[in-house]
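Reviewing the structure listed below.
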Amino acid sequence: MFDLIHTLLSSYTIRTVALGAAVLGVLSGTLGCYAVLRRQALLGDALSHAALPGIALAFLFTGLRELSVLLLGATVAGWAAALVMMLVVNHTRLKEDTVLGMVLSVFFGFGLVLLSFAQKQPTAAQAGLDAFLFGQAASIVERDVLTMAVIAAVALGLMVLFWKEWKLLSFDPQYGNTLGLPMRWLDIGLTSLIVVAIAIGLQMVGVVLMSAMLVAPAVAARQWTDRLGLMVVLAGGFGALSGVIGAVISSLARGLSTGPVIVLTVSLFVVASLVFAPNRGLLWKWWRHQRNRERLQGAVQRGELVLGVPALDETGS
Amino acid sequence: MSVQIEVQLIAVVIAAACAIPGVFLVLRRMAMMSDAISHTVLFGIVIGFFITQDLGSPWLFVGAVLTGVLTVSLVELLNRTQLVKQDAAIGLVFPVLFSLAVILISTFAGNIHLDTDAVIMGELAYAPFDRVVWFGVDMGPRALVVGIALVLLNLAFVTLLYKELKLATFDAGLAAAAGFVPGLLHYALMGLVSVTAVGAFDAVGSILVVALMIAPPSAAYLLTDRLPRMIGLSVLIGAGSGIAGYWLARWLDVSIAGSMATMSGVFFALVLLFAPERGLVAQARRRRTLAHARVQT
Amino acid sequence: MIPRDVPAIDVTHVTVAYREKPVLWNVDFTVPAGVLLAIVGPNGAGKTTLIKAILGLVRPAAGQVLLYGKPYREQRRLVAYVPQRGSVDWDFPTNALDVVMMGALWGIGLVSPAWSRERDMALEALDKVKMTDFAERQISQLSGGQQQRVFLARALVQDAEIYVMDEPFQGVDATTERAIITLLRELRAQGKTVVVVHHDLSTVPAYFDWVTLLNVERIAHGPVADVFTEQHLRRTYGGNIALLTQPFHAEERSQPYV
């Protein structure tokens, strides 16, 4: 056992990947809270697919496979997609989920066009689609982790700075407008952070699974608390923990890709939270239900309560 | 028939097959469910492959359809706990099934050919070389035969259950009161989406199926208020995207499926701008005339 | 600071259109300060759109709204909004006190009043709507009426001159209805102006001083005693008036039409 831990900690690759996954987990977990609360859980899915044309263009123009260059491309494309979505939702009768689905698939299709174009170029060092789809955690080096950590730190700083504003944006944006707060800019700012988080995550877990990194920690955290502050902290913790656990497990077995293992880990957190969380959890609810029924039956048997007369509730509406 | 024409025919037929159920996905606000299904059917294909060891087996279809229904059921199960909202439930379910599929492929199917690239991108250019031969007679490319079957199946479903679909889409409560089973209809529609997604895979790949299911009906929705016309327009716009996409791809020598999705987006953008009543240009013009009319009264 | 010689709200020729049809057509009226005004009209009459135009949330295709003689942009601090209860997700992870504190959120980033002051103001507002005991309660565990009172408290924290409320009486219990009425009268006593979108015709004379009858166009506007007549109501509600006037006659209110 001790040997195993020792091997893990001393392996450069595992250490780097685990650290990277932890950083990604914190960032996507915390930001995901807002996405989930604003019912934009699938925004991450859409934006991560939409990043493909940006990455392909960045690669076409620079011929570089630097993380920072591809990040920039992904961010710009994700941003463009987000703006297109806002435009269409605000000006047509199409519903948000329809627009998400359309932007996701059309941008992705355009990305495939660019990618197939890039692969014909003589300079193409094979910017593989696979790497984009499933991530390439093993290729992450220390410098990448550093880049990710800096970006994550800036993002967390902004979240502290705009804490109250983003809470209001998530709860009641129209009211925020009447207070004179620039809700549209706050929205764009928050969405931009999510775009950046996605761009970071692409290399680690890939397009398809990035959405789980945003949604799952937030959903798990929501079950344990009724306060937004604690929820954000917990979600960051769940994200980081599942990142590390997933990275370590995938390094133990040959052929296990990191992204899917991280996603399965974080999904287990969700299932456990849904079942066991106090107060909101299913087990708790079931127990409360049973107890109520027993009490009610007891009361009826003792003649304290006659069934058939509905109880009046003054406060209920 | 030349290869060129066959490829275009396949594109048109597949686009039409996708557009028909797509109309109801857009109207019922289930667009992202189709995205989820298009990802999770990979899981069904993998399971089907493990059982039959044959990529051409019809059991892969069955597996994929079952996974589609499984996806919908899991989402509803999560939703019914009231702990998770619908969109988050979708965002939780499909990555799990997709992850399982990827892990299964990479650990157990490493040495056989189940190309994830092909599942996601499709290989329309090679589709004409995979032919169906019955009793020694060449019936045409497999993708074309499958596509025509899908169109017929989807058309039959929509025509036979037209009244029910219409009512359940616009007023689920009334439909239930009238004795329909909206849940059953919902699952049937999702099953149809799964079948269509799997059938269209070979040609255009999983993610672009979503483009062909969502973009043409969205454009049609901005052009008309009548359901039959919306279905017709969706099929037309889808078919147009197919042909335009093919020529764009040929011209630039790029991915055909990607070009089809791109063109469906271009068509949507054109409609968004220039639709006679709901387009952005018309909206701006109406604002101006209204302000004008006010000044004169 | 607040000019007393101009009306609190001045709506001139406001026209709003979402799609083909105008939702509001050439709406004109002024509201003097210190008045409780009900906006009344059938479904689709544009009531919510009208208050959104007053709050600068929708841009009119034509016309303008002035608050104490200036556009909304310059008078934001003078206006507090109480949205419809159904407009937010009450499962949001926060408690009643926290929601009320949102009303004290001016400026952006860290430049906002000190935390403790915000908190005191919020607690005071909660006390006014008799919700002190529920300050730490998760908002999903409040009844509909209690949620409405939380929204009212949030508006009170803003200490505004003009209060705009969208259907505050919708689906609330008797306790809350009484609490809102007491609050409205207190606000009037302080010279504040309150605009309320209201749907219960039978309570208009008892609760409000002024009324605006709206059906896309402004049908009538003025003191309740002058304009809340059967003839005006008939013009506002069209053929449905028979149905709507029944409560008056059935309940035999002591002061009908006053």
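Brief remarks on what is shown
We just call them A, B and C in the order they show up, numbering each chain from 1.
Note that a residue touches a chain if its C-beta (ideal position, glycine included) is under 8 Å from a C-beta of that chain, and two chains touch if they have at least 3 such contacts.
Predicted model only: the values in this text are computed from it and were never measured.
In terms of the distance between Cα centroids, chain B is separated most widely from C. By number of C-beta pairs in contact, A-B leads when A-B and B-C are compared. The chain closest to the protein's centre is A, with centres computed as averages of CA atoms. If you average the Cα atoms of chain A and of chain C, the two centres end up 38 Å apart. Chain geometry summary: the mean Cα position of chain A and that of chain B are 25 Å apart. A separation of 46 Å divides the Cα centre of chain B from that of chain C.
Taken residue by residue, chain C touches two or more other chains at no position, since every residue touches fewer. Among the residues of chain A, those in touch with two or more other chains are 39, 222.
Under the contact definition stated at the top, the residues of chain B that touch 2 or more other chains are 278. Contacts from chain A toward chain C in the complex involve residues 37, 39, 161-162, 164-165, 167-168, 170-172, 174-182, 222, 225-228, 231, 314-317. Here chain B touches chain C in the complex through residues 277-278, 286-287, 290-291, 294-295, 297, going by the rule given at the top.
Every residue of chain A that touches chain B in the complex is listed here, in rising order: 36, 39-42, 44-45, 49, 88, 91-95, 97-102, 104-117, 120, 129-130, 133-134, 208-209, 211-212, 214-216, 218-219, 222-223, 253, 255-257, 259-261, 263-264, 267, 270, 274, 280, 282. Chain C makes touch with chain A in their complex at residues 55-57, 76-77, 79-81, 83, 87-89, 92-95, 99, 102-103, 105-106, 108-110, 112, 138, 143-146, 154, 158, 171-173, 175-176.
The touching residues of chain C, counted against chain B in their complex, run 13, 15, 17, 19-20, 22, 26, 61-63.
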